[in-house]
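Got a structure for you, questions after.
As written, the chain order gives the labels A, B, C and D, with residue 1 at the start of each chain.
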Amino acid sequence: MPGNSFGKIFKLTTFGESHGAAIGGIIDGCPAGLEIDTTLVQQDLDRRRPGQSAIVTQRKEPDTVEFLSGIFEGKSTGTPIGFVIKNANQKSKDYSHIKDTYRPSHADYTYDEKYGVRDYRGGGRSSARETACRVVAGSIAKQLLKEVKFTAFVASVGELELKKDFSELDFSEIEKNPVRCPDAETASEMENFIKKIRSEGDTVGGTVKCVIQNMPKGLGEPVFDKLHAELGKAMLSINAVKGFEYGSGFAGTKMRGSEHNDHFNTDKSTKTNLSGGIQGGISNGMDIYFNVAFKPVATLMQKQETINSKGEEVEMQGKGRHDPCVVPRAVPIVEAMAALVIADYYLQNKTSKL
Amino acid sequence: MPGNSFGKIFKLTTFGESHGAAIGGIIDGCPAGLEIDTTLVQQDLDRRRPGQSAIVTQRKEPDTVEFLSGIFEGKSTGTPIGFVIKNANQKSKDYSHIKDTYRPSHADYTYDEKYGVRDYRGGGRSSARETACRVVAGSIAKQLLKEVKFTAFVASVGELELKKDFSELDFSEIEKNPVRCPDAETASEMENFIKKIRSEGDTVGGTVKCVIQNMPKGLGEPVFDKLHAELGKAMLSINAVKGFEYGSGFAGTKMRGSEHNDHFNTDKSTKTNLSGGIQGGISNGMDIYFNVAFKPVATLMQKQETINSKGEEVEMQGKGRHDPCVVPRAVPIVEAMAALVIADYYLQNKTSKL
Amino acid sequence: MPGNSFGKIFKLTTFGESHGAAIGGIIDGCPAGLEIDTTLVQQDLDRRRPGQSAIVTQRKEPDTVEFLSGIFEGKSTGTPIGFVIKNANQKSKDYSHIKDTYRPSHADYTYDEKYGVRDYRGGGRSSARETACRVVAGSIAKQLLKEVKFTAFVASVGELELKKDFSELDFSEIEKNPVRCPDAETASEMENFIKKIRSEGDTVGGTVKCVIQNMPKGLGEPVFDKLHAELGKAMLSINAVKGFEYGSGFAGTKMRGSEHNDHFNTDKSTKTNLSGGIQGGISNGMDIYFNVAFKPVATLMQKQETINSKGEEVEMQGKGRHDPCVVPRAVPIVEAMAALVIADYYLQNKTSKL
Amino acid sequence: MPGNSFGKIFKLTTFGESHGAAIGGIIDGCPAGLEIDTTLVQQDLDRRRPGQSAIVTQRKEPDTVEFLSGIFEGKSTGTPIGFVIKNANQKSKDYSHIKDTYRPSHADYTYDEKYGVRDYRGGGRSSARETACRVVAGSIAKQLLKEVKFTAFVASVGELELKKDFSELDFSEIEKNPVRCPDAETASEMENFIKKIRSEGDTVGGTVKCVIQNMPKGLGEPVFDKLHAELGKAMLSINAVKGFEYGSGFAGTKMRGSEHNDHFNTDKSTKTNLSGGIQGGISNGMDIYFNVAFKPVATLMQKQETINSKGEEVEMQGKGRHDPCVVPRAVPIVEAMAALVIADYYLQNKTSKL
């Protein structure tokens, strides 16, 4: 049943396959009267775009967004914002070799099992190309939340970790290197490592950390729709994500309550922030921060043995132009999903009290 | 806005505060004709009940569920299943000391910020008492999915970790010790550790692992409603949860694609299962497994400094009977939420193809 | 799938069968801080109650509502308001004669066809007893919308019609007669007619008109969720309803545009109100008014021929105590559903613009 | 908040303004494996198209639908079906005269009141142009429900009524005249009447009747989502609709129960069908039939006095090319909405019982 929508009030629905005519979406529920700068949207899309640097896929896609409705004389009208991004690189011919092949750790087999039919070209709907639509919507969500600052960055690539607390980092460094790690030295090591991995026809995983600053207080909905539960779902819905933790996260499970509790200042801020800005599922105004785990990309530029839909063993080799490591391009996607969640709860919260 | 429902087809809505007259819920969307054994429901509730062992809270609550509708002559009728669990221990007097106090790392402050008013008795709606209703619904979900086996257990308490792979464990051991860890020796260490922590008036975190066996294939809904995204949200919505990872999880971020890919057998099972039974958001029939991180309980039996609603510093001390470590009682809750997710996707999947 | 909820923000979910232990519901999404007078709720329930006059069913049901959560110290807390109404008259023995019989123009056959099983006692879930829960929620919705005035009344019984425009009526007359028609003379004729019909063991239909005054402007959501579309659905969901029209309604189809257009005054009110207070699905501040058509009750106190579940012809005769005409008791239900719709759109509208 | 979606499983979301770049939509939840004939979709669109006959608006719009996703090699893939219809006639210049004018009985004032901003070109989002997207989705819904036959036709124009029961009509006559009334003589009278009305610069209302044959049994969801309640909402959401009645409708309110009850045949069909094919909100397999009331179009080709947004009196005159009577073009829209409702309940029903 329908699973292609996200959000209750600021609601995005997306469509489109990797190699169909276009991808696109509808944002329903954006309040009227918002000045929308579409060049900012395109800038965010450009951060996610293929071919932007030497360490990402070289697929040629300009990823130009066209808005078809809902914006009039520069402002949202309260009606649905429809948009499309045409697929430039949509030739089917490159994919005949996988038409009947189940690539390991891809969605080929499970889509067939679920639907009995699939668009096999470039992964069809299961391709991460769909996330471009999320970046469009997330960019508008950010414009709705002008005060709030969303910052994602690469925190690890394989074993290489950025070891500093986010408070020690200079976020203006993030876009200065192709890895999007805000520490020049670590970024350089990561970049070299990704190049090495790529030269081996292999891939590697990594993590993205996201920090949300200047958070309004009181956002979040108990019980099932806790703010961090929806943030977790948002992140886990991004292709290749295997885990999510916020605040103290998994490390917090090893702590004692007496160490873990965040004590209040008299201005109602807290002295520490192991809670990660959320208590009881509701924001307390402190910074929200979380980590998102991405697995290594499943498409390798190596020979792999696999099976076809009849269960016969076949050999395959990745063709085309794939990312050796997904995290640099995931950074704007994580930001976009975070913005979608916060925008939705910001609007939801308008009905919380008289 | 409404955040007290879970599921799209098999849908649970809950109500109730920790110290109100009763908690309860409505399960809407349970298919008609299901034989429901209410004694199994009560058994699951008893696994979550306070006072069941020396290492959990000693609050006296029989937690007896009464079904009010939707079951007739032993079978579901397809109409809503309403139920209540009366609160035995609902005296308000014990809570006057926190009426105006914001306990550290609790939801007192954020509820006040959001709603401007709150039921301060025992945490009101933010109390984990609400999860009893989830256990009721989850138990019925399990009866709907007779073939599927849901098993959760304690995988760590503080630094103490169960180091075996789940395939090496004897799940019948889980209920034989109060910690619910399926390794007698580790369980015993954990139990002693929890007792020590309690004697210090402190608390500690831990992790619960859950394994879902005999999974139907093809469950899950791209794009935003990927199976693991909803599982993640379900787990993160449980009180005190800080993180979720499935399959290779955070460890998988350090691996290379050539190690991480799960290669197919000719029967379409996979030789390894780093994917955790889900590919592209859809189940592939292999075991689903995931970890859930619980923070240390915020209520300590120690003096703590905090503030009241006017921002004045006050001293408080936990009273009453609280869990020194939440994971043993979280085990049936994790199972219940997993069953709710799988039941919902099982029903959703009935409309996937012609 | 779930069909037992109404509303997007102010959301009611109900449960319960006519002759089960209890009926009840959950109101999720009521804003925090609302002073709730539960005696007003009980008063509305009493207007719907069986046995209130000589022309309605004499079934004995006190219909006392108990609130279980969500109200604390007289105010809503923003958390779900759970409530139950116990069934006093729940003996199964009276219904053995219809256990296997499909009563004409009832839901017996269709429930069996849909679910394969049904609670046959008193119509089970298909009984209009469920509407008591709607009255509870609607009564709270009215308290949320203190300024708005909801007035429903009986406009016709069979061929007997109240021929005055609602602007000529004295609404304070409505509760002064058992028919709930605000014109003493017509009411008296209707009452006599209903008594005559009842003495024949027969039943008759009628219409209820509802007027909503002091409407806020700007409520309603294009495109599919137009205000009158949701009002129509709300009314059509009440048992025995066959039609809905608002403003000029079916009579308006015979008019010309030059007669039908409502021209503006300079204060933006309109000189006429054939639009019925709604233009383009959004309220314009003028009175909303609509008619609801109720069919004659299907349960007759006469012998009827029908079939059983095996398709065999059987003879049946209505037993028990049924309404000869449903409209007097439908009045508070129509008001309740109207209040639920307006409350929901009132809250939805809080996110329409910046 | 979002109001631009219809359906729970077979779910349509639309976007677009009358004079923007394009209108379009996303159908999410269409089961995989459905052969979709896009020429049938275009045929349905052509029945709704402007300029198709002398008695409808002469606006030039080819209304060509382009599918962008979700259909692969002629079949639905289970993923969202995105589509656009470009607006040919999108010049803004014609609408400067109404930029600041509130046309009587249009949505200009209420949109301004709700949103504070609006796309004034051709009514923007409030234009019935949006319904083209419904026809696209409805046409695919019909292909999903191959056995079910949806037939709508014009039953009255002003005072001119088609006086025959639908069982006496030859539905193949409907498309043989521009009015879409299946009785040549009445159609001819209606056509002449519409021409006369148009020549006066006036407009007139009418009714559309819809009949659904070969209905599956057991479709519909108690309590709030009764089949006829959703059909009513669907119809009332169409521009210019003022009323809905099904089965015996408003006339049924004048009947006695002893006349109105539909008695069973031993094959479980009924001897009469005053129920209109629905009992207790669930289909019983008999024909569903209902009437939809359309008001006269508000745009007149006459001078009218009205006000502007400052409350000043202004004079206006309709320009452009408008429908003198909306019902002939409403016929395919009514069919489309009926098909969307039945398709959705058909899919919902797959989860009703074990």
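Please note the rule applied: a contact is a pair of C-beta atoms (placed from the backbone, for glycine too) under 8 Å apart; a residue touches a chain by one contact, two chains touch by 3 or more.
Treat the numbers as computed from the prediction; the structure is a model and nothing was measured.
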Which chain's mean C-alpha position is the greatest distance from chain D's? B
Chain B to chain C: how many Å between their CA centres? 39
What is the distance, in whole Å, between the centres of chain B and chain D, each centre taken as the mean of its C-alpha atoms? 46
Junction residues of chain D, two or more chains touched: 1-5, 8-9, 14, 29, 32-33, 78-79, 114-117, 125, 222, 347, 351-353
Chain contact topology under the given definition, line, ring, star, complete or other? complete
Chain B residues within the chain D interface of the complex: 9, 29, 31-34, 78-79, 222, 347, 350-354
Under the touch definition given earlier, write down the residues of chain A that touch chain B in their complex. 1-6, 8-9, 14, 102, 104-107, 109-111, 113-117, 125-126, 130, 156, 158-159, 197, 202-207, 217-226, 228-230, 232-234, 236-237, 242-250, 252-268, 270, 274-276, 278-285, 291, 293-300, 302, 304-307, 311-313, 348-349, 351-353
Which residues of chain C touch chain B in the complex? 1-5, 8-9, 11, 13-17, 20-26, 28-29, 32-33, 66-70, 72, 75, 77-82, 84, 114-119, 124-125, 347
